[in-house]
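Both complexes below contain subunit A, partnered by subunit B and then by subunit C.
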Partner chain A sequence: MNKELKQHLILALDKQVRYDGRKDKLAYRDIKVKTGISVNAEGSAEVTLGKTRVYAGVKMAIEEPFPDKPDNGMLMVGAELLPLSNPNFESGPPGIWATEIARVVDRGIRESGLIDLPTLCLEPGKKVWAVLIDIVTINDEGNLLDAAALAVYAALQNTVFPKFDGETVEYGVKTDKKLPLNDKKPIAVTVYKVANHFFVDPNTDEEKAYDARLTVVTSDDNTICAMQKGGETPLTQKEVEDMVGIAMDKGKELRKLV
Partner chain B sequence: MTYTKRLDGREMDQCREMEAKAGVIGRADGSAMFRTGKTIAYAAVYGPRNLFPRFLQNPEKGILRVNYNMMPFSSKGERVRPGGSRRSKEIAFVTKNALLPALDLSEFPNSVVDVFIELPQTDAGTRCAGINAAAIALADAGIPMKDFVASVSVGKVDGTVVLDLTYDEEAYDGPVADIPIAMLTRSGEVTLLQMDGEVNKEDMKKILQLGQKGINDIHKLQVKVLKEKYQSGE
Partner chain C sequence: MGKMIANDKDIVVPGENLAEGMDFLPGFGTYRDGDNIVALMVGQLRISGRALKIVPLSGKYVPKKDDLVIGNVTDITFNGWLMDVNSAYHAMLPMKDATSDFITRGADLTKYFKIGDWVATQITNVTSQKLADATMKGPGLKKLTGGRIIYVSPSKVPRIIGRQGSMVSLLKNTTGCRIVVGQNGVVWVDGDPQKEQLAKDAIRLIEQEAHTQGLTEKIQAFLGGSK
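Right after this comes the complex of A and B.
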């Protein structure tokens, strides 16, 4: 970690100024959500957070269900940190950061029961719909996780079933049947801590200099449906409570965008 | 000759509607988007930068590395499994050979220029779109260039030679040949040439001429978007 960078960041935050000039420690950069960005996907969305840009796409497939959930549809979330989006990302199997993003987003969707998985069962033990969600990064200027979670939710809202005649899926032909979603709108907010400051939506430099972070996925009825602590510094119990509070407030704000 | 009217109504010698932009990825040293019809390619260039492991380094000049990848949700059919395939490896390889003759990497010994091509949405002609985006991105990154590269696919659909095939044309019910071509735009030399299908020698002449026509059209757009970026002073 860059010591000088961190010192500079803390001094700025002491004066309520962000590294990129934002005047509010708890302000997101300009957020834009655009759906239908890839026509061959059954659902897709782009989220831009300042200059950070993330795509999420949904493909549907017919698969054999897991033996322990024979009458449930399947859900898969993958994330690829494309080497196109950051000079430090390399080609190859997903690293720990990609895996963490995918798993936290997955938990938020799964635990909020966002997708009605039992209705995706066509023939118990034999044939179910699988919802295959992929996150890809186009430009990483910080806070990929929050952007990814928002993009995935927007892509799921945008998803329709492809035509299926009982045997094969006709991918070229989209139906007007939407994916069955509940109204919980799981939203991920990552709260960062450096020295005695909390802040959200870090840019590239701020992301290099934090002590700890806590991602909290909240759903519409104000319940928490997933959490993940990151960073090497421990958090006090009081800090955890404060960070959850911030995440709930910011979650309400972000929820209005989708 | 039974293919007398194209499935999407285009003229035989007409590319699809095209769009391009230079400088679309902030973190990259150079970047571009190129779209033809429903095929979209992004390209990012990083470098010249240090190359490790060291045995890959060339003390005489910089090397070019190209990566080609279809996003998992980009295809008309099933999800594309991430992690690359024999197909994507081959395309990356021929793309590298298509771009390299336009570059002068002699000033960058022991270094690498990385080109990453990503396709969020595909409808045939992806390697050509990738090359077109990559050429703009290399210029945007300020890599010294001796020439420029543009690429288009020429096809023979049921007896008729056509420019810039779509997926529906590639899947046409009748004999189809698909010939992706890349050329140096100044010298007209061919840097990529592949073919699936069957054509005769007379066709081949026509195919190269038609390819040259498409490449001229594409090159105009490449130059236009680079000028747009650098004249506006961004």
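Right after this comes the complex of A and C.
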């Protein structure tokens, strides 16, 4: 279906031309990160990536822990692709793409150990803090994944505990106790491949016509925390290595923003 | 004797009384309410003789007879193709208007157009329910292969085309790209990638500055300056 678009895209990439006028295949569009955008959430952030806009919100709740992890706090990530952000998004239960975004973001945070989950335990097996993260897309002009991951990371940095007296949580009253985060600073970068080109931060057209993509979450000390491969074509070992290299370089760039 | 209430080239809002009396005729974007003619949309009022019409400031494309539009094939039916024409309504391209070939019953219609193809077509008829019919029979009507699509505001299309196509020929001549501008706000550009980008930037500039005077000179300077 997108064969012609793909051919045309490759021709443009051969000449280092991106459809939105960027000169570099490995350049992100303008990124803006704004934290504390929501009054009600315990932590929140907005990321604008060109015209792509994503909100992330963090709610803290007291829950009963999972039976297999009785002394760990809970972490849950959900993504909602609002129909207003892209004509192809429908309302209703989350689809494949929403699930993938939520899971890749979740994996990056969980596997990097960003949130110190054991310290969120109040009473083993009975009461733990649950970190509930919601991702909401306001406008989709490509690269929701990186934008969402960045927004979530910024929102977590901004998160404080609400007032809790041992029985009930008093939302609306925020303490100045921050959510315990480690210094890994995980950043997700998705590298896309079409023909023999690697590029980052796709726009809508490029997202329709890529061969393969690899999301790599790297931490401050250049450790890979999580990976996710997408797209229909397989990747060689060399290609994966190159893509991880690009993701690490770009990760450093993005890390300066939050 | 009728009386004009609004003036020519006024910006009017929906519900605004434009004229009184049966001497005037309601055109596009207006309707008759009793003796009055009332505006339906936000836009600039144009009076030509006794007819009143509104040129909308923005909005989605509404199919109009004889418009050249660029459609995207969304479905293949038993007797033709359904196209998305960047509007709230579909356009139907019947087999008999699509090709002069003889097509046998049950033939594979994807030979002509398949789903996802971009097509330059002309609207032949629009029903009262705004269901549009399209044809491929006419000059410049063809399947658009390769190239890229740029969406613009349909209300800015006349400025992109220019007087007797002056603006679009300027774009074509300076960038060397093949360009088709659909009345529905879909523009197809094909050429050298860098020149395509230049054409796109120029089109965006036209869109932005559509209301200003001396637009052609500005675009000429823009295209000349960034060559």
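Keep in mind that, in the parts below, the second predicted complex is superposed on the first by the 257 of 258 C-alpha atoms of A that agree within 3 Å, B and C clash if a C-alpha of one lies under 4 Å from a C-alpha of the other, contacts with A are read in each partner's own complex, and residues count from 1 in each chain.
We adopt the following convention: a residue touches a chain if its C-beta (ideal position, glycine included) is under 8 Å from a C-beta of that chain, and two chains touch if they have at least 3 such contacts.
Quick caveat, the model's predicted, so the values are computed rather than measured.
Asker: Count the residues of subunit A touched by subunit B and by subunit C, then name the partner with the higher count.
Answerer: More residues of subunit A are touched by B.
Asker: For A:12, is the partner it touches subunit B (first), subunit C (second), both, or none of the two (neither)?
Answerer: In the superposition, A:12 contacts subunit C only.
Asker: I'd like to know which partner A:21 touches here: subunit B for first, subunit C for second, both or neither.
Answerer: second
Asker: Answer with first, second, both or neither: which of subunit B and subunit C does A:40 touch in the superposed model?
Answerer: first
Asker: Does subunit B (first) or subunit C (second) touch A:2, or do both, or does neither?
Answerer: second
Asker: What residues on subunit A touch subunit B, complex-wise?
Answerer: Residues in contact with subunit B: 37-41, 44, 51, 53, 55, 57-59, 61, 78, 80, 82-87, 91, 93, 132, 134, 136, 138-141, 169, 171-172, 204.
Asker: For the complex, which residues does subunit A have touching subunit C?
Answerer: Per the touch definition, subunit A meets subunit C at residues 1-2, 4-5, 7-8, 11-12, 14-15, 17, 19, 21, 205.
Asker: Tell me, which parts of subunit C touch subunit A in their complex?
Answerer: Of all residues in subunit C, those touching subunit A are 115-116, 145-148, 190, 192-194, 196-197, 200-201.
Asker: Can you check the complex and tell me which residues of subunit B touch subunit A?
Answerer: For subunit B paired with subunit A, touching residues are 25-28, 31, 38, 40, 42-44, 46, 49, 67, 69, 71-79, 82-84, 114, 116-118, 120-123.
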